[in-house]
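Which chain is which? They are A, B, C, D and E, in the order written, and residues in each are numbered from 1.
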Amino acid sequence: MSGVAAFLTRRRGGRSWHWTDTVTWLWLVGGLVIMFGPAVWLVGSSFKTPAQLAEFPPTILPYVGQQMSVEGYDKPLTLYTVKLPDGSSKVMAEVRRIGIVAQMIDPKAPKDIIKVNIADRQPVREIGFATENYTEPFVHFDFLRYLRNSVFVTAMATLITLLTNSMAAFALSKYKFRGRDFTMLLIVGTLMVPLSVILVPLYSVVSAFGLLDSLWGVILPTVATPTGVFLLRQYMLTIPDEMLDAARMDNASEWQIYWRIVLPLAAPALAVLAIFSVVWRWNDFLWPLVVLSRKELYTLQVGLNTYAGELNVQWHYILAMTVVTMIPVVLVFVFLQRYITSGIAGTGLK
Amino acid sequence: MAAFFLAPNMAIFGIFVLVPLVINFFYSATSGTAYFLQDRSYVGLEQYQRLLDCSNYLDTATCREDLFWKAVHNTGLFVIVQVALLTVVSMATALILNREIIGRSFWRAVFFFPVLLSPVVTGLIWRWILQRQGLLNMIVHDFGGEPHNWLTDRFWAFTAAVSVSVWAHMGFYTLILLAGLQAIPRDLYEAAEMDGTRPARVFWRITLPLLMPNLLVVIVLALIRAVQIFDEVYVLTGGGPGTSTLYLTQYIYEIGFASLLRNPGLASAASILMGLVLVVLTLVQLQVGRRGERKGARQ
Amino acid sequence: GDVRIMWYSDGVEGDVIQDILNRFMKDNPDIHITLDNVAYKVIQEQLPIQLEAGQGPDIARVTNIKELAQHWLDLRPLVADAKYWDDNFGDTLDWMRPDGSKAITGFMTQLTLTGGFANKTLFEQAGVALPGDKATWDDWINAAAEVAKSQQLPAAFAIDRSGHRISGANVSFGANYIGADGKPAKVDDGTKAFVGKLVDWTAKGLMLKDTWVSAAGSTYRAATDDFINAQIPFYYSGSWQVANLSTKIGDSFDWVATGSPCGTAGCSGLKGGAALVAIKYTKNPKDVAKVMDYLASEAVVKEFSERTLFLPAHKGVIAKGGLKWGSTDKNVGPALDKFVQAAGETLPAADALPPWKWANAYFAALVTRVSQVMAGELTLDAAWVKIDQDIADKVAEAK
Amino acid sequence: MGRITLTNIDRAYGKVKILHDISLDVGDGEMLVLVGPSGCGKSTLLRLIAGLDQPTGGKIEIDGADVTEVSAAQRGLAMVFQSYALYPHMSVRQNLAFGLENIRMPKPEIDRRIAEAARMLEIAPYLDRRPGQLSGGQKQRVAIGRAVVRNPTAFLLDEPLSNLDAELRISTRAELAALHKRLATTMIYVTHDQVEAMTLADRIVVMRAGKIEQVGRPLDLYNAPANLFVAGFIGAPRMNLLPVKVRSASATQVDVDGPSGLSATIAVNGAALKPGDDATLGIRPHDIELSDGGKGSVEAHVTLAEALGPETVVHATIAGDNKLVAVLKRQGVETQGPPLTLALPPERMHLFDAAGLRVASR
Amino acid sequence: MGRITLTNIDRAYGKVKILHDISLDVGDGEMLVLVGPSGCGKSTLLRLIAGLDQPTGGKIEIDGADVTEVSAAQRGLAMVFQSYALYPHMSVRQNLAFGLENIRMPKPEIDRRIAEAARMLEIAPYLDRRPGQLSGGQKQRVAIGRAVVRNPTAFLLDEPLSNLDAELRISTRAELAALHKRLATTMIYVTHDQVEAMTLADRIVVMRAGKIEQVGRPLDLYNAPANLFVAGFIGAPRMNLLPVKVRSASATQVDVDGPSGLSATIAVNGAALKPGDDATLGIRPHDIELSDGGKGSVEAHVTLAEALGPETVVHATIAGDNKLVAVLKRQGVETQGPPLTLALPPERMHLFDAAGLRVASR
């Protein structure tokens, strides 16, 4: 046990407690509350009925009014804690409510109806999960098809992004050629074009290529992301050139240098980009919405948004499906983040 | 050789980014509600004139497109505060996650988690937390505080917009910085430790300069994305109270797409003006960064 | 052949229509219908681009039916009985065809009418009587304020943040948006009268500030949740809320639809709704017409309305009455009936708005500027100038 | 001021034990040199002393204070890394100044110290370059300079001269010796270079596979290596080791028979050898001389003659298989020439028992 | 098969010229050793030959073909980098295999070669480790192994042994020599180590500040250095250089007067010296002997005696200021002892004129 304590309290290198450790743990715990708290709440909310979602003040967990079958009544009755005139309180079932007066009965003595002002009663509630938020969409919503489309788009786009971006980043970080700075500038420069701005021209381009209503129309415009090139290039700058020289001496072609030396060494940055790409493509909404108008081709996010109407949004479904659609990306993240480890490029040197 | 490696990316990039961008320029020189260039009428620089028509750029009320300038002002302030806060918070988190803490992957996931949420859901969660009868007020109330209407108060709505966008995106930048931190050779820290360097000084003199290339990525991306901030704030505050959190992209979106009588020409012109400002900002940063990069050159 | 329908849902109507279509397909095996359930955003932002490109589905459920009217297919020569259409949908056909045309392009799947809701239980608890049939806006607000005060509520009432919602009331105060030339008129005294009251109520804290103040531009915001949570005794929204209120309020309290309070000129709400229209670029006009005929048939319209709790736009269905609303909630039936009744009380100036091209421009300018006034960013007088300017710009742009 | 005491130090990476039970007492002002084969744990030991790494067991004291748990920064030591570990983003001058600025030394004093170190290490012309623009040797000198300017309690040097050219190496070595003399600062020095070890060390520690084999003054190690490993390791070229059999043994002398009719009588100081025991005879190449024959001389066939200038390293075989290396103080030995007759003076011989331990000589 | 010719090679970094007009002809199968002070441009020259860097002027030929513009991969050379430059993400085995896989060598052959190199370099136990888990010396051996397995046209080695311990260094050196003999592959070898240079080289190139000072066989350089720089650079400890004045000069001999009453008569082969000229007299430490006095002997005060075991390096002063280093083949010289009388044999003396050039000896 003391071993655990020592482990918990150790700082870099295993020496005694340092003020930075205090800061670290405060930060982490604070982070847990702030970053993760809303998530917990999101998951909790995804199990709420529409009525509970609209309820003030909100609760962390989904609650439903407790009901009870009482002899003599067909339907189960809702239970309330009633404050009786004598000051005591008691659990009673509501038979009906007329205006501000409720007719209540004691479940143990279902005969006598007692009239109670509704201000004097509180519903008895228990945690209840509205699992239909999850099950309903699976029935009405072509979940598996959307999932397949999403997976296809995400996987393809990520692979192509990683490949083309890393190739470009390699060229921009390890070769000296005329126009390099200009190319870099061009790429970084276009980083700032928000999609919404070029939406219409892009639509014309995609349509000119006959890519409307095609998953490739979703994939291709997103893969040349300047962010990726920029990110990878900056990382590749830190790979020692000697390593490349050594490979050249080893008869490696430039492709092999890229593929076998630079790519593995850039693994941390690639992992970061892969995570981003997966998250982005998975969550992409606006662009697929523009390109895809047939439901066979919908991705999950687009499908999900059919719950957003003009006057009404069916948040209970959207939340539940958000939770479901998040699971794969969380898994991808957990898998890929392991590659964000110490840069090892230096360890091959003196 | 360089051309070979650049080709695939540049081809896709050219077709799907550059070409639309160029088309966009043509848009800004036309007017009408039609979406396709051939259906639109050429007006030259009229859209720009309209946007820039202002007798005092500091007083938005004097501008013809007062909402545009309102959005410009708001965005300017937002970008400064948000980028600064985002950078600092991501940096702090990255530094902490870079330490040898137990459950490193768990903590990474915690801080990265919000990035996984779609902006709409992010905005929504926080609106539910911050609204008059939201979770926050409930907590404040439970602790005996005075509940506050966070989203209808100018200051708090702005604070909320900044904080929520930081909340939503910091995981992204933390990850970039983390990868950069891990690439700094360990022996340099050891050398610094032997040199008796205090932690703060290690940060300023060793970590920060060596992290410069990555920090540059972070600042450039953060800045660009801050200027483009939209979905989460749109859902959270809708630009309110009044127009105090109305940002450029929302303005462009509304005139270009959302309203029933759209004006794509004006939207294009506004976005090009915004792009120009960004190009200038980025150039400045890259210039500064290049100096830093040279500094960070490996031994 | 194949027929694609682009459809958005606010509630259960997607499931209902699918049901109906399945039945249709069983009877007509040669027609295959695909229902693309999409987000409203797609209809709003995506469909127009597709249409301009000469693409799109065969049939779509849309709301901006006038602006896009040039893309709709004229079904007159294709439907089995054009007279049936004229007779039953005659009032609204003009909403969805280019000005001056006689085309039949579709029908309203849902008619909406703006109107108020009151939390009857709150009124009872406060011991305040619900204002009667011809009560004015001031009556309602005063009564609601009394309730709010006695029940310690944050506000007396709320109106959805939308230019459309307040326009019925404006008309009730004598406003007329439409100029003699059919182009937008300058903001008139009717509008100024009601909007002035609204601003005043907001400043006094009678109107819930959140809804209008906490957004910019023409962003839509509803105050439904506040009504559902009994935070406001009076809520001005519209008929489409009935189903929503029913599910979310449940047994918590009793509520009633109140129709629209009266102004100086009348007690008008504003009509609106979503239409199902056929699209010009279809390759299968015959099949499209067949589907439309089926969906517009009296029985189907009736069933659809009953199951979705939407107001029908079909004269025959309304005239016959006896709609068996598909709800066990005792509040629903009376509320819907109230809306059906109120639909007859709209003023001509209000009825002129749905088929009017510039209505949306007017609504957007109103909501943008009025909320700025409420947030203290603009004076009312400055707002009038800006509104006129905004609308004029829109008209100029659309050349 | 700089007494470093290690007690039963262990270090393991996972299951692999790198250091076994190292105990060592480094006196104040002593120059202690660590030698040993590559990978034997020298750098690891130095890092433990520096505080950059934690022992899995044992105790480290500096001047009697237990510092096992104290951070590197607080131990007040300076280290020259085998990998240089220069700050790549700082100029040479900033690299040198960094540690001094950390302790808020006044600027003029910093400049003075840098100037002095730069002069001593001949890096003055590069003071404003970045490490990336320096050659390997230049980098190494900067790394030394960074330690020197600090005036630490003790220096830890991990092969500080390994990349210097001969001339600079000798002069830097001399400067280091002078520095050591002047400052009287404790130094722990890892090297592969025999000459460095022999000339600089007050004491040499010979390590093998994470264990200490012998500790002693340089000439003691050279003249009386405790075991075969040390005998082979100290001295270049390495000691010739020949398998012999004990013919007779008394308390004062041992007679052995070796290959190629070699027989020798070695004076010892009480040995536990019995006739017939296996033993190893050692003789250093430098102790072998050309002779005209006689007892204790052997016939050697030269296989390789390496002319170093003042002397020639002769690789030869005797009696078929046994290799013998001799360093002869002359030039002009030919590989293709006639066999040489070499004398192996018995008074220069070392005898090791079957376990490899030295048989104490008189 | 492996003849490398450099013609008028220049290399400049920006305005700084690093290499000046280097011309060099490396014969097929030759072992050429580059020596020179740190930063003189050895690594740079090697990189030019490798094709990793482009000369700013001049021509590089391999076997008569101009390869100045040919890429490194196509020159068929192998290089051992001063910084190792191992692939950190590959195991040692993969590091070795990489170059072979690139030329699509069959798997069994690759395995065979790796096994052989591993045996020779004693890295077999580490074949499955990553470079990050190796000690400095182990890394270096892997770097050598990577070149060895390739069987290249020529080897370029940049201080390949600088991190090895003495024992391994000697054995690796011997293996390299054997390898060179067996393969008869051209090798260009940069080193700081005198012994390596002397023993391995067919010819040695002495560089200074980007220029070639002398090229020649090792003993020629040792015995007849062309100028003061080479004289000082080759041989360790470095040659003693004493300022002298020419008393008289003839075609066959020169008389000089030096400090401390030193005078000597040196046999020369036609010198252009005139009486009264300044000159420099050189004598190697190893050539100085203890004497009993007489002509050409000097009185020396010992300032430092470094005992190396077989010999002692004596640092002394003569006539006040002039330093003299001698290597005496004995132990037990004391710093505090009486002055030594040292003999400087005239036949071992080197004479350099005022410009620093050697006066040819007979």
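FYI, a contact is a pair of C-beta atoms (placed from the backbone, for glycine too) under 8 Å apart; a residue touches a chain by one contact, two chains touch by 3 or more.
Which chain is which protein? Per UniProt: A = Carbohydrate ABC transporter permease; B = Sugar ABC transporter permease; D, E = sn-glycerol-3-phosphate ABC transporter ATP-binding protein UgpC.
All values derive from a computational prediction rather than experimental measurement.
Identification of common neighbours of subunit A and subunit C yields B. Note on connectivity: the fewest steps through touching chains from subunit C to subunit E is 2. Between subunit B and subunit E, the least number of touching-chain steps is 2. Across the assembly, the mean Cα position most removed from that of subunit D is the one of C.
When chain pairs are compared by their number of contacting C-beta pairs, A-B comes first.
Per-chain CA centroids place subunit A at a distance of 60 Å from subunit D.
Subunit A and subunit E have Cα centroids separated by 64 Å. Subunit D has its Cα centroid 93 Å from the Cα centroid of subunit C.
Each of the following residues of subunit B touches two or more other chains: 35-36, 133, 185, 187, 257, 298. In subunit A, the residues that reach two or more other chains under the touch definition are 56, 200, 203, 240, 345-346, 349-350. In subunit E, the residues touching two or more other chains are 82-83, 136, 163.
The touching residues of subunit D, when paired with subunit B in their complex, are 47, 50-52, 71-74, 76-79, 81, 83-90, 98-99, 102-103, 130-132, 139, 146, 150.
The part of subunit C that touches subunit B in the complex is made up of residues 44-45, 48-49, 52-53, 64, 67, 154, 209-210, 213-219, 221, 229, 231, 358, 360-361, 364, 368, 371-372, 374-377, 382, 386, 394, 397-399.
Taken together, the subunit A residues at the contact with subunit C in this complex read 50-51, 54-56, 78, 97, 99-100, 118-119, 140, 200, 203, 207, 212, 289-290, 293-295, 302, 305-312, 314.
Note for the complex: subunit B touches subunit C at residues 31-36, 39, 41, 61, 66-67, 131-133, 149, 151-152, 157, 234, 237-246, 250-251, 254, 257-261, 263, 265-266. Residue ranges on subunit E touching subunit D, taken from their complex, read 35-39, 43, 82-83, 134-138, 141, 159, 162-170, 177, 192-195, 198-199, 218-219, 222-223, 232-238, 284, 286-287, 304, 306-311, 313, 327, 329, 331.
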